[in-house]
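Sharing a structure here in structure tokens format.
In order of appearance the chains are A, B and C, and numbering begins at 1 in each one.
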């Protein structure tokens, strides 16, 4: 037997199975600097002396840890849901993640199956920093049908994180002078579209460095032979680049608090330029806290700046054609459609 | 109104106006490592345990903060003057910068104006770490003439920083064993040309990472769509690469103390290789300190190593043709002409 | 005389000569983050809170320091031997390296000579962290023969580091949950081949950043003009990329303890993808320690994944043709053939 790890196949998973993921990572100021050098993120709360980790740094650190066990043999990353940040991550934290298999369904082709997992990331004190669901289409090792071909268990995924479940910390609130921001929670309204204007180029070297920084070992992001010369960009890169661009218009933000859902709708590759705009879906006051919650739909495009269109508000993210299935309905320039909760200070809390 | 920030236009500035720039940044050892990974700088004083920040790290951190308010809509970065480092920056400092508008002049075309600003960067204790003047050609929002079309205020810019205004710290002086250097202040003479020999390749990924590291958000450095596929390298990159190359021949240097003037004379792009040589303009003893001041003219070229010319001392930085205007007089390979003060230990202070 | 350093020539070396290399470097968590971002290395022991430096970080830091004096004018890096890690490097250590010339031989062409050096790297307390031999072919400054043309001193290089000389620290041993590893020392057997499966793309920007991070100033790695547009990748890059890939199958490893020999057999350039497999040469128990020593032969290839061959075990690293000399015997895809000692926990020590 060859000792090299080739990942888990569908047959290796069982309902209720628990997996502790290697490798626990101590997050340092070096990681934060690398994150800024790779994204240009300027969110005030995570640039100063607070020691609070950018929520997306926490996310990428632990997400990368799940690849070895879950998605090494993935045919497709089908989705994620219920991503919720809890205890804030801090510089010096050692983060690791545990997985529980909560659903299994063999596909009718007999070659793949879908695995649903619940992921819980903790710090060195055992506090939960982040939890989420994810489901992935995984290759089977063999042709023999599994019990999940006929006895599939398909868990219901949360359609969204409830605003009341968001965790707000009043620590290290930015001042307006620090953020440069003019808008408070009360200034946003459901239905408005915020254009972010700027674009960010992606290069093979920087997207690979991003993915290596977070120790995500999925080979499709690195191997030019496997990918006919054009490695696929890790889906976390457009999330982080889009979020960095989205500071423009949400300068006072306290940090992403939850992700309800996300679709990676077209591939992103080195040489592309990423743009973003955000539609405000819902504004929910969080009583007894200094913030309100904005439910936002961030849309990232490649090589097309919607802000440059004659009527950016008319840009159609998806074609209304009901005969086109799923992702094919998306505009060919749209690479990411992310539904998330942002925390925004209320006017009374802004100095 | 769209909430996305589109930068200040000429009409948004007023004489005496003061602007606190976001985002204050806590500078960490991670930033220092990223700076070394992007430049290869080996100046001994900033590689050891001293905790002193490389003066150019301090510079880039605070310069990047000015972009949002000053140069986002810049047509051209016309110049800078009187850049003077003061209280040394240290690891862990939180740096921010304030701007005061000190001059305004609308151009005769009615489409642009020139804004002169004085910038003061401070640490978390309010100590001034760096100050400088800068002037930028900014687009107007509308066609309506401003009062600065007829009542322009054009401040006089300092032609140079006086040697007596340079700040010398005797802290963490390098030994010759640490620097590898053979030359002390007394060994340099006005008129000599120091060749640095080495070249440094620039790639899209690393110049964008450099610019992101310092949170400079000027889109021309990142957006391939805006720039027809070839983003322009941030002017700070050749300053830092040239300075890193210039260690060769100035190994004992204590760090750049002031910039008198600088011209970015030809564009630099990914794929180019940067070379540098330095002309010694003036040597000024700084009595009562362990150092003397060298006024240096560092010239960076692209894709041409002047050291490889048959007579490097004969290389003409500018054509003597008086009929050619301004920057067009420069040799087409010259990308940067920088006039600065370097501090060099005196023989008696070198161990 | 031009003050720019042009490196030592063969005539500048003398037997017994000692050289202290600039620039001592304080290694920080920023350097570690940059190393991970550039390699993707996930060795558990060096990702957590231990503060232990990855042995290859220590190596690259001090190796880069030797370039200015030894290999700046190198025609060829002929070899290294007896690389042995001793006192473990730690975050915050200030590392520097001293060189002693132990052999000299002028080549019969009269244009070059071979210099053998013994290198000893120490931390701020003077403890030896690493020592090694290296020999380099260096250009002569002039045509005049040196005494080393007729009185050459050719030292014998150690064929390997003895297993009994390996330094084992029981500090911060990883658990199996932390490493994800299934195999202990006892599970490995001489003669087995471990395939690592994954590939890692190399880009100009990241290999140059790697080389700059470690302040290696050899111009052939950076200068597109000198290299006709295609800079050569620093040999330390495939060592580190291969080692990062080789985690797959050696997950519980404690870290490379010695390098017996290494050959860089074909050039590596930006755009290539690196793959690796490892042959187990020898397994030696280290009594009284929690580990055994595995003597491993790591072979890195470019743009060819041996794991994808129909019979990976039949892949011939070298052609058996005895009429082909030295490096030309290697398969054209093989870029590195590294003979090293790895420390692997014994079963009884694995939690």
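One rule holds in what follows: a residue touches a chain if its C-beta (ideal position, glycine included) is under 8 Å from a C-beta of that chain, and two chains touch if they have at least 3 such contacts.
The shown structure was predicted, so the numbers you read here are calculated from the model rather than taken from an experiment.
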| item | value |
| --- | --- |
| Degree value of the rotation bringing subunit A onto subunit C, based on Cα positions, nearest 5 | 120 |
| Fraction-based call for subunit C against subunit B, same above half, different below | different |
| Length of the line joining the C-alpha centres of subunit B and subunit C, rounded to whole Å | 37 |
| Sites on subunit A at which at least two other chains make contact | 28-31, 33-34, 38, 203-206, 209 |
| Touching residues (chain side subunit C, partner subunit A) in the complex | 28-34, 36-40, 42-44, 47-49, 177-181, 183, 187-188, 192-201, 203-206, 209, 248-251, 271-273, 303-305, 307 |
| Sites on subunit A touched by subunit C in the complex | 2-6, 20-26, 28-31, 33-34, 38, 68-69, 92, 94, 96, 124, 203-206, 208-213, 215, 217, 219, 222-226, 231 |
